[in-house]
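One structure is given here, and the rest of the page talks about it.
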């Protein structure tokens, strides 16, 4: 039995006297999608941000393949960081408006790989193809792209780092139904191909039921239950 | 009798060297007391129609066609005459309820302001508004008036705006994407709200939305827009429960509860639209005729549809 | 460009200006007032650069025989109380004003951007200390503050530049801090952090490029203010040494001869007014172009 990719134990967060959540625990296995359901304001976004290290929880532990990221040294965490990525809710602010789609896409590659422009170009195009983007999209500025196209670029950009775990914070709540279906199916395809795990945060239970292996319900600041969705693994 | 009749409406935006065809040759009627839904993906041109008929589009828009409101051609009215209609007889509920209220004014002032601008007695107007607010499922409206907009939830703000738009007793209400970005609870609230406006007040509404659930619950008839055209127009239950057009079929199937099946591909570029049917590249039924000839609107089982496939049957 | 229109709508909720590069230039060319102001500014700049070649006389040459002359063919704008040619002095004066103002704006822009960026990005103690300092600088009335500093330093081009920079930088710092605070919370910055980018990379690649446009608008409007401040201080006699031709100083010197030789005040006054108007038109125009809410209009 291998370790889960991610295990969250007794996570707690409060701002001053205001408690956002407490004793939140769950784990996610390789290649699994765990849904996190909660109403708006329930703190589910904060949980996601804690996992990728954008917020520091006030208590508990977050273990990535057994190692607790909360008491890691800076250097150690920096090595781990590319493996846990996040995709956000609002496409209109997810890309730097002053950089073309392509520059946005290859930014993490540039930071980590030290590759030359030619190699980056090639890799970027491969990633774009993987996420169903056409080359002409890459030459545009974010303002000229639709929400669905931007989420594809964000996914491509994240996949460049070959992550083990992706926090998807309502990635489709601002998209049209048909585009939502495209993006969620794309995420499933990427999971099949790379074995990446997702924490899919959403307030839409119908969506979660359709794509998740399990769903954790967040209510009143804590996880009240975790439901197993019986889905055939093949789809 | 139809309250609103739109004939051959086209809207183009000139941007740099290119012309973007936002809406092309749209025809529809909204009957008195009816709720017509305009559904379609973002960029399909549905919001543009709403803004076009109130002449609220930016200056680079090129509008052609006729819009008859109670037999009056809105496009040929003088600005002063148009102002008498805009906001009073036709009111537009804006898309973003958070942005439509001034964040530094208490709610009471916002409501009063509307009356002030229209030269209606404030006290009378307020009374009417409060009555309306009570009816539209807002508890304790007096207290609510003393709060600031940010202290209200998204759903509450939307109701407040609905009250403000209704207080003039407009003959036609246009609601632009009222549920976009709301959470499911607020969405249910919106369904309730619009059903109430429709049933209790008998308002004629043009509901622009891409929330298929809302459209099914509230609308009498639905027009489906794709790439600036209406591709299907029929009774709401027929369009969404037994769609005829391949695009509508795709939309319905993309809903999570109907299988989350994505439509392949993307909407065509509006600068250079494809030959033939605008949908043929993504259509699973398309045949040679679809590549060659742009389909016309045809009568089909009592509704209208723009597809060769139906005519071939 | 499938959905130009939805983008247009979306932009309304978009805090970042979208006009940049070619788009920006194009919009400038669509505005007649800005084109006019730009042309006028270029003219002024050209005149001031080539002032030594263009001015018909030595601006400091005293000719007491020809003092207080009205405009004539020999002296196009007349002469001052020492018989110095007004046209030459105004041309050289443009040079003084524009170069000092450029220096002040550049120094303030640099200082303000750096400190504001640090305050906004790092927050906490850094922010507290920097913000308190800017508050102190902003709490003095600017002319009196500048006067005091000039009093301590003494007149001179460099001192004037220094004094005005000390007075002006805090505005930039405060605006930059606000910009950074809103930009650093945007998702693309968060993604860069999770993507492994360091602080310096993020500031250089994402924060500054997205914040700087607003700062440029401020700088343009401020340029006019700085020119006015220079003139004010010189008018009061503590800006520049008496022999340096400067519009404010010329006004001051000419005011005694208002009745007999009004041109000595009218021409430098007009020059100040023109340049301030030019910059205020440019600043307004830039704000309009960079502000996404300022677009389009009704078709009525």
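We call the chains A, B and C, going by the order they appear; numbering starts again at 1 in every chain.
By our rule, a contact is a pair of C-beta atoms (placed from the backbone, for glycine too) under 8 Å apart; a residue touches a chain by one contact, two chains touch by 3 or more.
Going by UniProt, the chains are A = Peptide ABC transporter ATP-binding protein; B = Nickel import system ATP-binding protein NikD; C = Nickel ABC transporter permease.
Just so you know, these numbers come straight off a predicted model, no measurement behind them.
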**Request:** Give me the fewest steps it takes to get from chain A to chain C if each step has to go to a chain it touches.
**Result:** 1
**Complete:** Maximum distance between Cα centroids and chain A occurs for chain C
**Request:** Please find the two chains that have the most C-beta pairs touching each other.
**Result:** A-C
**Asked** Cα centroid separation between chain A and chain C, in whole Å?
**Response** 45
**Request:** Take the average of all CA coordinates in chain B, do the same for chain C, and state the distance between these two points in whole angstrom.
**Result:** 47
**Prompt:** Rounded to the nearest whole Å, what is the centre-to-centre distance of chain A and chain B, using the mean of the C-alpha atoms as each centre?
**Reply:** 33
**Fill in**
Two or more other chains are touched by the chain B residues 42-43, 266
**Asked** Among the residues of chain A, which are close enough to touch at least two other chains?
**Response** 146
**Prompt:** In chain C, which residues are in touch with two or more of the other chains?
**Reply:** 1-3, 6, 13
**Item:** Touching residues on chain C, where the partner in the complex is chain A
**Value:** 1-3, 6-7, 10-11, 13-14, 16, 18, 20, 186-188, 190-197, 201, 205-206, 209-210
**Message:** With touch defined as at the start, can you tell me which chain A residues reach chain B in the complex?
**Reply:** 39-40, 146-149, 173-174, 176-182, 184-185, 203-207, 209-211
**Fill in**
Residue set of chain A touching chain C in the complex reads 49, 52-54, 78, 81-82, 84-86, 88, 90, 92-98, 104, 107-108, 111-112, 141, 143-144, 146, 154, 157, 161
**Fill in**
In the complex, the residues of chain B that touch chain A are 41-43, 180-181, 183-185, 210, 212, 250-251, 254-257, 260-263, 266
